[in-house]
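Letters A, B, C and D name the chains as they come in the text, with residue numbers starting at 1 for each one.
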Amino acid sequence: MLQKILIVILSCFLLIGMFSMSAYADEYVIALVVKNVGNPFFDAVARGGQDACDDLGHTLIFQGPPTPTVEGQIEIIENLIAQRVDAICVSANDYDALVPVMQRAMDAGILAISFDSGIHPDGRLLHINQADFELIGRLQVQAIAEMIDFEGEIAVLSAGATMTNQNIWIEWMQEELKEPEYENMELVTIVYGDDLRDKSYNEAMGLFKSYPDLRGIISPTTVGIGATGKAITDAGLIGQVQLTGLGLPSEMAEWIQNGACQAMFLWNPVDLGYLTTYVAGLLLDGEISGAVGEEFAAGRMGEKVVTEAEDGGIEVLLGPPFRFDASNIDEWKDVY
Amino acid sequence: MNDSNHVSSVDFLKNLRGFRELGLVVFIVSISLLIGARNPRFLTWGNLHDMLLDTSILSILAIGMMLVLVTGGIDLSAESGIALTGMIVGLTLIRYPQIPAVLTLFMGMALGAGFGAITGAIVAGGRVIPIIATLGMMYVYRGLTFIVSGGRWVNAYEMPDDFKAMATGRLLGFSNLILIAIVVYIVFTYFINHTETGRQIFAVGSNREAARIIGIRTNRIIWLVYTLSGALYGLAGVMWIARYASAQSDSASGYVFTIVAACVLGGVAITGGVGSISGILLGSITIGIINNALPMIRVSPFWRTALTGAIILIAVIVNIAITRNIERKALLQRKI
Amino acid sequence: MNGLKMDTYVLELKNISKYFPGVKALEEVGFNLKKGEIHALVGENGAGKSTLIKIITGVLQPDEGEIFFHGEKIVFSDPTVAQKNLIAAIYQNPTCFPHLSVTENIFMGHPIVEPRTRRLLWNEMNAEAMRLLKTLGSELNPGSKMGDLSVAQQQMVEIAKALSLDARILIMDEPTAALTSRETEELYEITRTLRKKGTSVVFISHRFEDIYQIADRVTVLRDGKSVGTWNVSEISEGELIKAMVGREISQLFPKSEVPIGDEVLRVEGLSRVGYFADISFSLHEGEILGFSGLVGSGRSEVAQAIFGIHPYDGGKIFVRGKEVPIDSPWKAMEMGIGYLPEDRQLQGLVLPLTITDNITLSTLDRYARKGWLKSRAGHDISQKLFSLLKIKASSIFDKTYSLSGGNQQKVVVGKLLAGELRILIMDEPTKGVDVGAKSAIHKIMSDLAANGFALIMISSEMPEILGMSDSIVVMREGRITRTFSREEANQEKLLTAAVEVGR
Amino acid sequence: MESTKTSIIPGGLSLREVFLRWEWLLVGLIVGVSIVNGRLSPHFWDYAGLMDAMAVFLEKGFIVLPVAMILISGEIDISVSSIVALSSVLMALSFQAGLPMVLAICVAVAVGTACGAFNGFLITRIPGLSSVIVTLAANSLFRGIAYIVLGDRAVGGFPRWYSYLSWGYLGSSSIPFIILAFGIVAVFFGLVLHKTTFGRKVYAIGNNQVAARFSGIPVSRIKLILFTLAGVMSGLAAVFLTSKLGSSRPNVALGYELEVIAIAVLGGVSPAGGKGGIPGAILALILMRLLRYGLGLINVPGQVMLVVIGIILVLVVMLPNLIGSVRISRKRFG
């Protein structure tokens, strides 16, 4: 009996496979490879990517490993090379480790683009930057400073210790904190929740206990800020410990409404996916060449420009991050 | 018969086996005092309560794992079982927010028992070695978690308030979650020590062939322990999403090692037949202390993983050393 | 109620056949049991005794034939059915739960429970266990862990378990194999008491002593068929042997007189904390040195210390006059010492491997060049020993688990001989081995001694010790109490030394 | 003993024949999966692509070999992924400190060896300490040390030739170098396990450790060698993995420990010890790879792939049991 059920399930999967294959007739195939699947942020990215493909008449493949490992991404990219897709857009789990495989993709004539979390210029043609690293880093410090009146201890609760984006943001945070107006503030520690709900929560709770005078926490990662919001609420520290960072509105709605977090930031992942895929489509169509300074119309995103990136490569900037607070969270919490 | 002489020494040894747990108690107390010396807040009632709260979910999972380990098996699928039941209950709560919180606990148990029953059927009926059967089901349940959720998370604002209150609420000064764990412990202490089925689990683990010969339906017992393990991870799954106010598809990734470590620390033999409720409770608490205390005494996050491993290793070795020393003393006292 | 069928048997098996893939384990076997009788079931290993018992207890189901219980046809579809009908069995290797307490072992499967809630009543069970053990003359603590007990003590618990079932039919599969003479006597007494109470007992044994002491009737099985059933008083030992093996065996213990040569092994003041102390003896070429004493007196521990399994912490071992520290079996074998362990299935053989793999196991490096196996060389040696030892199997490539106990034991002996070891310690070499194989093993031992090998034989069987040994060492509670020469030893003296009355 | 007499198998299938049967099953599955894959995706039978696909994460295969041997000896090692991470990190650091790359590679292997020996030492020297507990704790310990020494940094910038190990091809052919390297190592392991006294002793220990000890086999020493070997191969795997990634971080090779065991068991190795062999493990590796490759080519989402692989793992291991029970019942009643 059980066997029969299993066979039925198996054949269903094979059918799904056939279905996805039948979509090959279209002109270009663009693959979006994300850090991991099962993450609402990247689901929103995929929605944006699909919109762009619909606008341009291309086919989208959305893939990602179940856990955010670079090994899983390499395997997926190898498979994409083997089926000769036309463009691979990747949000990398590691800044360096995807370079060799993306070079192989480029050797095979595939367009290599990184977005969200970038890779080294050697392994990409272009990076779609959701927002300026410097701006995001500084913005979060400014926000927390306002909340705590420029005075007191703050801490950072990050994702994994090896996350590219988070580490750059944190560097810029430390840079911003050197400014004179923050002389009464002190960044006491950086802890890592590894983007695991339970670990992030425990780390936040640990912060409250080991730093009783803590005034604020910056958590530049979606899982971390959500867990910290819950931890602040549970510990009864709403108002005493302030929270800001980068979070998903859907997840943060509760903690913004109850005051645990006055404000936090994020760009629109739907737009990010749209822009990434759209740019890839334009490059494939030969509409743009990807030279620095080139200006182009990016569908519903309006006018964009190719600029030089901080790491020496080139990039397209999505725009400033969006600020979410009690006044606007209700409109967004159901969107992503 | 000349039993008496030999027997008394055997009894002596048997009583001393209890000291294995005493060793763990000594370890817990000494490490607590050590940490308390570094950070006095560690030994406050509030923190001890938090620590128990942290341990409540783990300790429940440890019971299920112990029952499986006692029969000589292992349940690697527990970790994705947590995620899957949590996710299904979370999704149900979005559609039917009026479901009373207490009912969700039973719902989780029923779902988990269902998943556990499938795993158990594969192990008992399909005669697949437990480590492989449960590894396979670990993948399957994790994949299903992604599939049923479509990659989305269940966020705090989507959960009914009384559900979230279940995790934060207190009764008689104890968090509800601790109370749930206490109830589970009472029930299972009774089940294991005072019911026929409970003892049959140990009989099957001690000598399966002998159990079969005296008429115990060994397959049924093996199926039962996986089902019970399922019911318990189902319960834990609901507690998990209530505690962190979020259901994610990658919840509890890698958590199974923590559960097994708690059992092993608590003296459960991987080879089957041996395990006690008091032991796994102490084992869970030891793990809870490690997780809770290291952040509190400001151990660098980069040191924690290594320290966790080292502490487990040292605890086990010290325990063995103590037991061997005692046994040696007993031998020395034996008259020849 | 069966009031009308007064004369029927308690249990009657008719034309029972049982097939395993390729083998007829039982062929049209008939067997019956009267109320209040002790019925011995004998036969060589592999004759089908165990299969028959498993059918009676419902562990196995017959392929053909019928079973009548109190004159009514019954089907034992699984062990619980037999248990409900109060049939209990004590198996050859105690089927215990080593991690659980004595009480649990006794009551597992039929606990005393509170009738309404079905809660286990531990106090009642402990008290009852204590009482049962007392009636057996044992003072075991019901709380002891089964795994910590000796085999004999475990056997006692098994018997207590059968008593607790209040069985009407009790099956004992070689219950005396692990017991010392005194314990055996106790067991006889218990069995007779049970008979008086109307219990029927099926008694399986290799020891004729058992049969003639207590059995009323005896049924002989050979090659899966029943040879016949006799009243014990009407059949002689010789006839019984003939019925079992289908031929006559003249002498059981053929140790031939050979001149005793040089000293090859001397042990001085050997001791291991908690197990034995101050053990001294010497062993010569051509000699068989018997080690007697009760089970648990430290005989095996001494042997294992000399073989390097467990380290000794005091004393010296001399091989051919030179002191050698022995800390591993590997080292012991280098010194020419070999050990035939007591438990051949656990310690002697790697059951899933073939006969040749087992025979060559301890000498693998000899059949290899720089680590690469040259299987041929190993096969040649195995083939030679296979023929020499007359192992009954189709070839040296048979798996050892498919062999009978006696042939398995011969394989272990073969492994020992392949090692070209000159000092052999044999721990219970004929335990659980049928008559034919037993005599063959004794013959081999005698031949070895004649060829200048030096042997130590540990045995619990008095006739074996007395018949085979040139001199006899008796141990009690970890110490040597007496040493006898072949001429001065007799059963009574050995027993006295083993229990040391009036200590 | 008499009861075992009952289990005589007619025509006595030898262990080797049983192995063969299992391996034929795997071969059949490989052929089946290939056919299905070929029908589902037009790209599957692309020879160069297939070769590249086989080479993806073949370093896992390097670890499968010793882990299979450890399982056959009745033990388990769940610390291999952390040994890979630690070896990789220390290799990168020593390169950064100015050591020539060749010596840095030696460092990786040496670190792996030391870690494996550490495991083996604890397991064999402290009776009562099981390999599950030791390697479970060592799993945290080794990775933790990797985090301590490297923290949140990544180290890269290796010489160009180093990337050849994982990305290069043999001459102008389309056979990746790593396949050749793996082939050599696999043959070596196959010979050691199946053709040497050492391998025979491993099987004896796995089938009956007590009897092996009573037969004068140095059980502890062999286990020590096995765990050390797992360390050596993990170090080697780290060399290839780091070459593949072009940089090193403490979080590489996460989750390898269970995958490696799954592959070995799929290959017919019994975690209870004494059963299985290297050919089966290699076939299972190929099967697993083809399966993932095929599913990847038709863009089955990662989460669905998890479900499929889980089900296949269970089904394949269950298959012989089901067939067996059907056959037995047919014999009994038919």
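By definition in this document, a residue touches a chain if its C-beta (ideal position, glycine included) is under 8 Å from a C-beta of that chain, and two chains touch if they have at least 3 such contacts.
The model shown is predicted, which means the values in this text are computed figures rather than measured ones.
Participant: Which contact partners do chain B and chain C have in common?
Facilitator: D
Participant: So, what's the distance in Å between the C-alpha centres of chain D and chain A?
Facilitator: Roughly 34 Å, centre to centre.
Participant: Quick check: how many Å separate the C-alpha centres of chain C and chain D?
Facilitator: 43
Participant: From the C-alpha centre of chain A to that of chain C, how far is it in Å?
Facilitator: Going by mean C-alpha positions, chain A sits 71 Å from chain C.
Participant: Please set out, as single numbers or ranges, the residues of chain B touching at least two other chains.
Facilitator: 122, 126, 142-143, 145-146, 151, 249, 302
Participant: Which chain D residues touch at least two other chains?
Facilitator: Residue numbers touching two or more other chains: 147, 151-152, 255, 301-304, 306-308, 311, 322.
Participant: Which two-chain combinations touch?
Facilitator: A-B, A-D, B-C, B-D, C-D
Participant: Could you please specify the touching residues of chain B with respect to chain C in the complex?
Facilitator: Those in contact with chain C are residues 1-7, 10-11, 13-14, 193-196, 199-200, 202-203, 205-207, 209-216, 273-274, 328, 330-332, 334-336.
Participant: For a test of understanding, state which residues of chain D touch chain B in their complex under the given definition.
Facilitator: 122, 126, 128-130, 132-134, 136-145, 147-148, 151-152, 255, 258, 261-262, 265-266, 270-272, 301-314, 317-318, 321-322
Participant: So in the complex, which bits of chain D are touching chain A?
Facilitator: Counting only chain D, the residues touching chain A are 36, 40-41, 43, 46, 49, 52-53, 56-57, 147, 151-152, 154, 156, 163, 166-167, 244-247, 249-255, 292-293, 295-304, 306-308, 311, 315, 322.
Participant: Mind pulling up the chain A residues that touch chain B in the complex?
Facilitator: Where chain A meets chain B, its residues are 2, 36-40, 42-43, 66-67, 161, 189-192, 196-198, 201-203, 205-207, 209-210, 212, 223, 226-227, 229-230, 233-234, 248, 250-251, 253-255, 257, 333.
Participant: What residues on chain B touch chain A, complex-wise?
Facilitator: Its residues touching chain A are 39, 41-42, 47, 50, 54, 118, 121-122, 125-126, 142-143, 145-146, 149-153, 155-157, 168, 240, 243-246, 248-253, 255, 291-292, 294-298, 301-302.
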